[in-house]
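Below are two complexes that have subunit A in common, paired first with subunit B and then with subunit C.
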Partner chain A sequence: MVESVSSWSRNGLRDFLLQRLSAVVIAAYIVTLVFYFACHPALQYYDWESLYTASWMRIFSVLTLLSLIIHAWIGMWTVLTDYIKWILLRGLVQAVILLILSICFIWGIMILWSV
Partner chain B sequence: MKHDKRPVNLALTTLRFPITAIISILHRVSGLLLFLSLPFVLYLFQQSLASIEDFDSLQDCFQSVILRLVVWVVLSALWYHLIAGIRHLLMDWGVGESKTGGRIGARIVLVFSMAAILLTGIWLW
Partner chain C sequence: MSEVIGESTTTTAVQFSIYRYNPDKDEAPYMQEYTLNVPAGVDTMLLTALLRIKDEQDPTLSLRRSCREGVCGSDGMNVNGRNCLACITPLSSLAKRPIVVRPLPGLPVMRDLIVDMEPFFDQYKKVKPWLQNENPPAKEHLQSPQERELLDGLYECILCACCSSSCPSFWWNPDKFLGPAALLQAYRFLTDSRDKGRAERLKDLSDPYSVFRCRSIMNCVDVCPKGLNPTKAIGKIRKELLKEEI
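What follows is the complex of A and B.
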């Protein structure tokens, strides 16, 4: 089997499953937020803050953040592999994307932990 | 392998794209857009939770038509990607895999995401 060093799990089938699993987690989070917004038409800061101090929401948010990073990495990896055939350039763009995603992950954790 | 002798038809104006192909490329484009908008979304999220002053000034910023338009575009990409993604997952599961099934699913995706995008626009304005 050919392994690709830069794919998320170095295994196409596992990447495929992870991308689907992460998609379901993100989708569940979106549905939760839409439901929340529907229940709070004129949202005030203290409602919003108390949502994000609740333990379940913090756990759910971190889980979603992690899923999002994995999902976006696998997704972007697929797109880059399709369109950039020059391996050096692809590696470079992959590195930039990895950097952006890592920053987003750490930043997201920082936001969630500052509430 | 050399493919030099193969006929090439990439004249995009003469190719007709079936609805399923359009649905598929839009899913890719919307995913790309969502990735690019991540820093922006995180910034809004940060401001919304930083303090009551930041929350209120963020709400004031939403008076700006440009900000609302940008947020609308991002949310539109999100709805589209979500709904087309659900169709994708259902097809992985074996639902609607036939040729007609694929076309019907594609139409449903278009109708649902259009509705979601419109509703979001109404909600934002």
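What follows is the complex of A and C.
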């Protein structure tokens, strides 16, 4: 067994399932938005506002944002551990990506809650 | 290809470009060109052609071979970009000329077409490829025909390393990702009704590298000279892990 401190769950199956589950949530969000756009061809500011102030949409958006962060981290972690063999550089790049993803998450929450 | 009419046989000239590297002599690997006249109308195997080059033109050319019939798995090599066993690869199946012969990729080259198989066998050892059973029966350990049938498509592996050395995940992490050959054997023992080490075996496979580095690109299935399907076995290991952990 190979120990890894920087993988999302430190367990291959959990990472594997989380990546797929998060992909389903992201896909469901995209389908929902496309459906909404199709039903509202002449979208106005008030339509947007009513959509994004609805509790279900806020929960769905935060869930999607979290899924996106988890999905991106698992994917990037896999790519980085494949291609960057120099451990210091890998750790640095991982830290930068983690920082960017954290900023995106917090910023996303701020945007969603400011509507 | 050109045809040469001899006294009693017609031959065809076949060009080869073969990877050469002798670490005691060469600073860097290089490709060496050879031309061999092979009998026309006879489907010569690649191994026969390579051994003729060694015997007739260049005795320094080094390669492994033993059974000459696809059983021992010694002569795995990369031919025209695809891993195969030289002894069961007819020249007629190789359309591209010259025929480019290289050692198996992803494994350290010891000399010419001979690679160091240690990294491959290290991963094989990690799956504990033997029956785990602390209380074996005094006599025979019987299996029903159905239980025995589950091992078909798994036990036939000859450990030639064609699959693992064609897998990019094995190239990038040869010390952490077990590779298709070892994982095929891992599933062979997981599904064996006589084996009692299931929980321990699954625990050893649950990390993010050993199994889950497989991206299911199926290079292993494409090159397996025995027609086995390691990707399917890896999928079944994932299912077993799921059953165990959920």
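Operating definition for what follows: the second predicted complex is superposed on the first by the 115 of 115 C-alpha atoms of A that agree within 3 Å, B and C clash if a C-alpha of one lies under 4 Å from a C-alpha of the other, contacts with A are read in each partner's own complex, and residues count from 1 in each chain.
Here is the rule we use: contacts are C-beta pairs under 8 Å (C-beta built on N, C-alpha and C of every residue); 3 or more make two chains touch, one makes a residue touch a chain.
Model, not experiment: these values are computed from the prediction.
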Touching partner for A:A23 - first (subunit B), second (subunit C), both, neither: first
Broader residue contact with subunit A after superposition on the shared chain, subunit B or subunit C: B
Partner chain in contact with A:T81 - subunit B first, subunit C second, else both or neither: second
First, second, both or neither for A:Y45, with subunit B first and subunit C second: first
Contacts of A:R10 with subunit B and subunit C, given as first, second, both or neither: second
First, second, both or neither for A:L99, with subunit B first and subunit C second: neither
Contacts on subunit A seen with subunit B and repeated with subunit C across the two complexes: none
Subunit A residues within the subunit B interface of the complex: 20, 23-24, 27, 30, 45-46, 48-49, 52, 68, 72, 75-76, 79, 97, 100-101, 104, 107-108, 111, 114-115
Residue ranges of subunit B touching subunit A (in the complex, touch as defined): 28, 31-32, 34-35, 38-39, 42, 45-46, 48-52, 55-56, 78, 82, 85-86, 89, 92
Residues of subunit C that touch subunit A when the two form their complex: 169, 172-173, 176, 203-213, 238, 241-242, 245
Contact set on subunit A toward subunit C in their complex: 1-4, 7, 10-17, 78, 81-83
